[in-house]
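Report on the structure given below.
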């Protein structure tokens, strides 16, 4: 490498800081805009009907209880039904 | 016996340099931190073990014909390992919180100031005798502030391979130290009432938006910052595998097989850069110092931007979540949650902090692209 | 600012060629087809993404020092990726239906006529100005008619790497289109009564026969057509891992880890061949046209052979199953089943169509071997 | 490459078609023969005794029925057990 | 037809040498042993298939441009495959029994005498015309006595690649034959009362001891025998992944994905060394003979050391467990258990035999290091 | 390679045997020592308190008890069910 004075390097670093930070911020602000656009476009042209696949915040929570109860109820019903059929 | 002499000359004891012995100790310390302190064990344990193996005298395991040297050549010199890990990170990351509230990208942007301030700091260190960081070195050191292991390894492998060992160790160590480093800064910069700000629940994000997200990022990146395209591309490719819903086999492979296997290899290979001449010098001290600085500044600017957003939105943003903008996913978001709970026991900020947290990953990939474009030429 | 100018000159926008922009669009279309239309998503999604990344200006991701370029060099130029996928296909394929009724191999043979007719078609296209296919090119294009992705990629990588991108895209696209392409041809060539033919149940196949099957194929291949030995060998190796019953660990690795990881890499690498100069020309149109032709002819000759077998056996073979001879496992067999059910709601042809279907895989590997031996020299 | 006239190329292609198709068909016919031979050999020298490992066409068949009945019985039992515990 | 002639000249039949045909038969025999006799099927099946593919005339699959040739070049010439397998072995091995009773290392040491006696035997064979083993050859052959596949492949690939095929086949075959080879020797060298010796239950081993174990071994190895550091290092790295408790993802990757995939590749690649000129000669007979000798001597010296320890400890050690010192984990330990049960139906020696068994792995890695240091220079 | 007489080679082999076996045995004896030292050190400075992480034979603890009760209930149910079916 050629000899570079400290002040030159520091100035270059300052420049790099300014340019770099500007780009990072601009890029992410642009991305904010694009994401808003996409969201608007999706809302307009491809809205989900009543959010059929919305994942609940506590997926295993009450659902699990219901599931277990349901299974129990259903299976009990099946057992009953089978008994009746046999008799 | 001539044979015994030959054998003695081939022992480690007869060939040890002090540097090697010390570096084996360093490797041991890294493994201790990984196991006993749970400091990013997935990376630091293999790095530490790699350091021990590569500092074994005579064996040359880290040399051009040694196993770990060859792994380094194939996986890190080429940049392929960090890129594959980034693909896995993409497949593991849920960008939903960011899509629901894009404005949190500002926090991810602000926190990258830690990177650029550290760059200047690295250059300033040259005033002290013994330091001689080139611009490329400074850039590689600065990226530690991105709080993103694979990004740091990728950039360092391209710009300053000699510093790679110290940079990787610093990056992962500080990521593990996030719960210690961040809270004091967060508390010092915010008022009690700011820390109690409650945020609105995030809106639902549709599957289509999740699928379009990788493309939004990618198109911008391709059009404006192609030098970030490898990193950002693999991150978004992984995320698309995850969200597409039609390639679950591949998504699982990226999240498990690939990332696990590559992590082992990457760790061992990074360890090969922990040699005495590269690590046991004052520059490493400088790197460790600058790394801490980078984390602190990034946290601070993130929080300050959070305060600004809080003001502008009339109190709809809790400034604490700005601290998550340094990335270190998901540790920083958890720290935000914890500090928030100290001020209000019912205020769970975790989901709100995930937005800036993943924004920070994108932000530091952008920063890496900028540094590659301007310094790497 | 000089830095800003430097940066502008490094943006994608300042360096885009029209071709690159268009090819990024093509990549997007492939991903759209993969996700929205479920066109072979496991391959077309990575191919599309690879195309986008490799057409990013400046970054050179597909170039000799770029990540995807290196993956191409290691995995496709060497032929290793398609061979590993073929091993996985072997481990995933149940050849039982073929072993139970070896005569279905005739259907698999007949359907390969699509390959050789297309070869002639490709040469005939040279009469039109703008086309200049060599014999090697014609062979690579023709293999699209084999309806077998890894075989097509393997042959094209050996004979005409420049056409690889277009050929892979055509092959996988038409495989996805099998449910649209085949039924009209099948209906046109068969009478209602032929479509209603019921077939006898398949006999039981013992474990020993399943184990001996790979050797039967391999011995013939080694003795008569060594140029097909890499493809056929890996297919049969995978199948032996599956059927041996003593190496389940390895069988699972071939069916999952290896095939998933290689699929990601292969897709990205094939995408690197989707460059403007190689793809955006009249030859690609020709390839797409010829590919469709190949599928149609293969389906037709398969069905015609089915009719002949129906006659000869006195109505024991339903001619529809001949259409499955093009391979495209298991899509073509499902199409046969569906068309059969249209004529008789109780006539399930699926199991009977699996024989010609897997026979088609063997048939096109044989055809690839012939082309390699006669053209590749 | 040397200049090759179209007709030469086409003729070569025709030849390739003939030879290629012949080989594919011969190869697969040979394979048919080999498979029949192997099947005959296996039947003769290594027949499976009453097909001990024969996989039934509908593997879940009657077993599934049993399984379902069992599940019903088990679930009913669990429900009962839970009820008893609660009281 | 000129084309037909060309094609005939490209068939295997027209190009077969007797050697190739015979070697294809050898491959078939290996696969038969793997499937029907369950002889180490994970290795012998891929090796046998690799032998068939690489002896296919014309195709050149094992040559420098062929798939398996390239795999050999990348994975075995570099030593990477056996080292990765050793990592997996480490992750799969529980050294608890050895840590609880370190004295069993003596049994693991004694059994390595089989290696060094065989070395002398190999040299002695040079007296017979037709044999011409160099010291490197003798060392590679001798390591068969280590009863450790990856160690044998690693050493042979470094010292005598030409003998690799025969050595690998001999090593795995004899490992499969351990239940036949060992019992007569064990019975001949011990008295009924010795075989009935009951051993104390093993003490509990704490997690910390398990974590420190890899370092104990590694430090000794690095300090005294760096030439064994690659093998021992990867073995201990794998074990540390297992015992650390904080990197389960990586441990599972080492135990499954990596070891399975590498086993497939390693097997095929070893098969490429089963060529007629390297295998069909009197040297292979010598290797098979010496391999059997090595196993017998190792078993005998292990048992004799067991008898000595039995005497010294006043009957606290059952001499049978010395036979497990040859390694062949866990087969040899099971054989010990079985022979022990013959003399006393209530005396389960399995856990006690695991100590010498895993000690044998360490012992032969040390022996390999010694041979590399003294012969490989 | 240069011509080496058999006796030279054999002598070298003998030497190798001696040296090699010595090293293997010394190495493993040293390792025995180290392992005893480590065990002593662990016992002294980092003993496990009542082996808190000792893995019990029934690893799920109280869960296992519950499980066992459940199993009992289920099995009883199955037995009942089978009986009923037979009658």
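Letters A, B, C, D, E and F mark the chains in the order given here, with residues in each chain numbered from 1 onward.
One rule holds in what follows: a contact is a pair of C-beta atoms (placed from the backbone, for glycine too) under 8 Å apart; a residue touches a chain by one contact, two chains touch by 3 or more.
Because the structure is predicted, anything quoted here is derived from the model rather than measured.
K.L.:
Note down the smallest number of touching-chain steps it takes to go from chain A to chain E.
P.N.:
Minimum step count, chain A to chain E: 2.
K.L.:
As a test of understanding: of all chains, whose mean C-alpha position lies farthest from that of chain A?
P.N.:
E
K.L.:
Pick same or different for copies chain B and chain C, depending on whether their interface residues overlap by over half.
P.N.:
The interface of chain B with chain C is built from mostly unshared positions.
K.L.:
Per the definition at the top, count C-beta pairs in contact and tell me whether A-B or B-F has more.
P.N.:
The greater number of contacts lies at A-B.
K.L.:
Taking each chain's centre as the mean of its Cα atoms, which chain lies farthest from chain C?
P.N.:
Max centre-to-centre separation from chain C belongs to F.
K.L.:
Counting in whole Å, what is the centre-to-centre distance of chain D and chain E, each centre being its mean C-alpha position?
P.N.:
A distance of 37 Å separates the two centres.
K.L.:
Based only on mean CA positions, could you tell me how far chain C sits from chain F in angstrom?
P.N.:
49
K.L.:
Nearest whole angstrom, what separates the Cα centre of chain A from the Cα centre of chain D?
P.N.:
Measuring from centre to centre gives 41 Å for this pair.
K.L.:
Name the residues of chain C that each touch 2 or more other chains.
P.N.:
3, 7, 224-225, 257, 370, 374
K.L.:
Counting only residues that touch at least two other chains, what does the list for chain F look like?
P.N.:
Those would be 16, 19, 23.
K.L.:
So in the complex, which bits of chain C are touching chain E?
P.N.:
Contact set of chain C toward chain E: 78-80, 83, 211, 215, 218, 222-227, 229-230, 233-234, 237, 240-241, 244-247, 249-250, 252-254, 257-258, 370, 373-374, 377.
K.L.:
Could you pull out which chain E residues touch chain C in their complex?
P.N.:
Answer in residue numbers: 3, 6-7, 10-13, 15-16, 24, 28, 31, 34-35, 38, 41-42, 45-46, 49, 52-53, 56-59, 61, 66-67, 70-71, 256-257, 260-261, 263-264, 268.
K.L.:
With touch defined as at the start, can you tell me which chain F residues reach chain B in the complex?
P.N.:
It comes out as residues 15-16, 19, 23.
K.L.:
If you look only at chain A, which of its residues touch chain B in the complex?
P.N.:
1, 6, 9-10, 12-14, 16-17, 19-21, 23-25, 27-32, 34-36, 38-39, 42, 46-48, 51, 53-54
K.L.:
Touching chain A in the complex: which residues of chain B?
P.N.:
98-99, 102-103, 105-106, 108-110, 112-113, 115-117, 119-120, 123-124, 126-127, 134-135, 138-139, 204, 206-209, 212-213, 216-217, 219-220, 224-225, 359, 362-363, 366-367, 370-371, 374-375
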